Amino acid sequence: MNTKILTSEKRIIDLKDMRIGKENLPIFIAGPCAVESEEQIIKTAVALKEIGVDILRGGAFKPRTSPYDFQGLGIEGLKYLKKAGQLTGLPIITELIDLSYLDIVCEHADIIQIGSRNMYNYSLLKAVGKSDKPVLLKRGMSATIREWIMAAEYIASSGNENIIMCERGIRGFSDYTRNTLDLAAVPIVKQKTGLPVIVDPSHGTGKRELIMPMSKAALACGADGLMIEVHCNPDEALSDGAQSLDIDQYRKLKIALK
Amino acid sequence: MNTKILTSEKRIIDLKDMRIGKENLPIFIAGPCAVESEEQIIKTAVALKEIGVDILRGGAFKPRTSPYDFQGLGIEGLKYLKKAGQLTGLPIITELIDLSYLDIVCEHADIIQIGSRNMYNYSLLKAVGKSDKPVLLKRGMSATIREWIMAAEYIASSGNENIIMCERGIRGFSDYTRNTLDLAAVPIVKQKTGLPVIVDPSHGTGKRELIMPMSKAALACGADGLMIEVHCNPDEALSDGAQSLDIDQYRKLKIALK
Amino acid sequence: MNTKILTSEKRIIDLKDMRIGKENLPIFIAGPCAVESEEQIIKTAVALKEIGVDILRGGAFKPRTSPYDFQGLGIEGLKYLKKAGQLTGLPIITELIDLSYLDIVCEHADIIQIGSRNMYNYSLLKAVGKSDKPVLLKRGMSATIREWIMAAEYIASSGNENIIMCERGIRGFSDYTRNTLDLAAVPIVKQKTGLPVIVDPSHGTGKRELIMPMSKAALACGADGLMIEVHCNPDEALSDGAQSLDIDQYRKLKIALK
Amino acid sequence: MNTKILTSEKRIIDLKDMRIGKENLPIFIAGPCAVESEEQIIKTAVALKEIGVDILRGGAFKPRTSPYDFQGLGIEGLKYLKKAGQLTGLPIITELIDLSYLDIVCEHADIIQIGSRNMYNYSLLKAVGKSDKPVLLKRGMSATIREWIMAAEYIASSGNENIIMCERGIRGFSDYTRNTLDLAAVPIVKQKTGLPVIVDPSHGTGKRELIMPMSKAALACGADGLMIEVHCNPDEALSDGAQSLDIDQYRKLKIALK
């Protein structure tokens, strides 16, 4: 593997009162794919806080396959997110897709997400490696385990060892799911890097009804947390509605996972 | 999907005192990849019985990539298997690879296994569809969900609806595992066919150390059982040693899964 | 690779006045996916003979994903095929899917085809390895190069070294084609086995309009022939219509490839 | 597909005296994976000019899986490249991996390359979409046809329609090649976008001995050019040596392709 910094020695990331990576204390990250309005994100945040979520997610900059699809609210979205975080006390995670926004994302968010499309964007990895915020690194859509771990090593070797790895499904020939959720990656990457590894069953399956069983499976094989898309009205979501839970479905999931 | 027989209605397969597919009662199938000698299979069977395994597996006819690799003991292997079953009271599962052996396999085994390489062998599927033994149908190594379910429908439409589906990993670009274990197939196939679905983490990962976490994950997402390769001396196994547990490792697994 | 019989030494297969595998003399195999009626196959054969095709293809036994889809005319189809061959003087190739039909297929056909679904059916491979007819071995839908070559070695080690390898596309994540045509397999397998390697762009792409460019590419990288689906009325074909050429399109292709 | 700018209407890109995309006039791009020294790139450029190459390639910024592997000479490499271009009159293509280097890359190069790892880096795509240099857009390593074309649409919709598409192999289960060269993408993307499509058989196969047959196949199915790695001493190359031709091998290839 040839990592110099990441080893099998276990790492725990302290964020506010959370200890991400601590055994048997999985972290629950939830929120909409995209911040769509101030009202939407605040309403969602309040409901999620009440259910007991640990971290609020929401995309302000959305990397989309088509340049004509909704690209996120940008800096305005960041502001709404921060407000939702302040109102509820929830830490915020949001995706960075362009290093020119690094400073402003750091001002508004508690964890920086690097999405699948940017896992090989080494300039971006080095940049977040110089920030002091924890980084959530999603696996590239057909990244090997080695490539994914070496992407984390780019961040670590730039100075930031607070990295959370996120399995979100890989591309294959699947006829029923959006991606193939590769849960074996969880114990492998935990063992090879010592980093916390969480799972995103929303992107990993693309289907609402698979989120419950795959969340259970993820925790059973050692995942340190779950990132799940929750929308107050999935049928009207501007992106990824089919894989989003509504508030009530998420509440049931959260209870079932206790 | 266009199945005519298999529907989402739940099915339970009764075999001796087992109810395969019954909720929260997972079936444990274990044994060596191949029957290598009378002593080996009897020694293994006795140990597994004592640990509490439900069904003994062992290959008498081994489909191997190379014609020069060990092809199994054939009919002699079947006899040893049956003897091991009689001694311990364990039901026997073994693979059928050629329909000319259907009768003799049925005489010696309680469940007929169709391996991944024969999932598209429709002549074989129709033949076991006419037998009165339950059939364990492994997913083809790059079979879609639809192809796998339609293969089961071949068996069902020939008259035999006692089918156990077995997810054993699919082929992809994995650099750490032999296959990519596609656990999302478990809830999908259960819902679409009503059939019991079990998981083979041995072939699904190809690595001994991943069997424990992936077994836990499989049961967590609803698998009705686990098929695991256990060898009394994995380092000397004639096939698949690297993915086999020894007796002691299997005992620990079995305890951990309770 | 560990083959014992197949080496890089070039092999040519003599069939009637053809020398399959001879450099710069590609073999043209064409005909419908399935024999649908006496009239259909004779009409097609006469037209293809006139265009200059070398070998007539047609399926009598069709392995289909669904047990409820058209499964071929069976032995009746073999008879029509043979009649079409006798009328035109064209050698016949047809698929064998069940070893109980080996003798009757050998009586009616000049080349036995092993389809993708049966590439791992080692019983069938050994059986055709004992026949005296040339065998066309299609690559399994996700077979590695090694697995495919070892499947040929099963045939060769059973006594029959007259094997034609056929690349027909592999399974991947393609969103525009039925399969991913892996043309690099052509020079690799030719070099490793010495066997003739032909290409099936019909299954390899699944799209009529891609057959011309991919046929040119196949011959350019050294393919020893092309197997192409041609139907006298593709829109009414009982299987694979979308990837079949009509007679006139095939004539144009044949002229363009000269 | 939902492109607004790219249509099936054919486009030709004029660069100096070349007409990239003009039928039957394939463009030959060659050079080392990485610029390693002034001497290396000048020596290579002079030899390639003499052989009749059209465009000189060379990486100054190298995106590498490991942060500890050679990352390219950076701006110094750009200078050497430009000098080699000026000495020989050859236009230069080099990869841009970070938008902060856009201006300096544009000053030194005639075509900007976006590599596979950055095909989903929409910020970078928009940035080169505002430049006045032609852009060569490599396909992402597991990009669907649609994703690749929409990446081109990002560039086009930002104002730059001078885009050359480059097929370089996709990720799969290949056991003999580095990637699976998907030549069917050539006619598909040409038809869908009207853009020139070239092929990189060096990355597409990862093996020197496959470059000749796959180059022939690429041109046969309509590729508008070839990008091939050539190193004056492949065995000492700092990256990708196994897939690089030496000068003499490239000369033979160039002659064979005439």
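Residue numbering begins at 1 within each chain, and the chains themselves are lettered A, B, C and D in the order written.
In this text, contacts are C-beta pairs under 8 Å (C-beta built on N, C-alpha and C of every residue); 3 or more make two chains touch, one makes a residue touch a chain.
Keep in mind the model is a prediction, meaning the values are calculated, not measured.
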{"item": "Path length in steps (a step moves to a chain that is touched) from chain B to chain D", "value": "1"}
{"item": "Given chain C and chain D, the chains that contact each of them", "value": "A, B"}
{"item": "Interface with more contacting C-beta pairs, comparing A-C to A-B", "value": "A-B"}
{"item": "Same-site or different-site touching of chain B by its copy chain C, using the half cut", "value": "same"}
{"item": "From chain D, the most remote chain by mean C-alpha position", "value": "B"}
{"item": "Averaged-CA centre spacing for the pair chain C and chain B, given as whole angstrom", "value": "33"}
{"item": "Separation of chain A from chain C, taking each centre as the mean of its C-alpha atoms, in whole Å", "value": "48"}
{"item": "Distance between chain centroids, defined by C-alpha means - chain A, chain B (Å)", "value": "36"}
{"item": "Contacts with 2+ other chains: residues of chain C", "value": "142, 146, 171-173"}
{"item": "Residues of chain A touching chain B in the complex", "value": "142, 144-146, 170, 172-177, 180-184, 186-188, 191, 204-205, 209-210, 213-214, 216-222"}
{"item": "Touching residues on chain A, where the partner in the complex is chain C", "value": "171-173"}
{"item": "Contacting residues of chain D [partner chain A, same complex]", "value": "2, 4, 63-68, 97-100, 116-118, 120-123, 141-142, 146-147, 150, 153-154, 157-158, 171"}
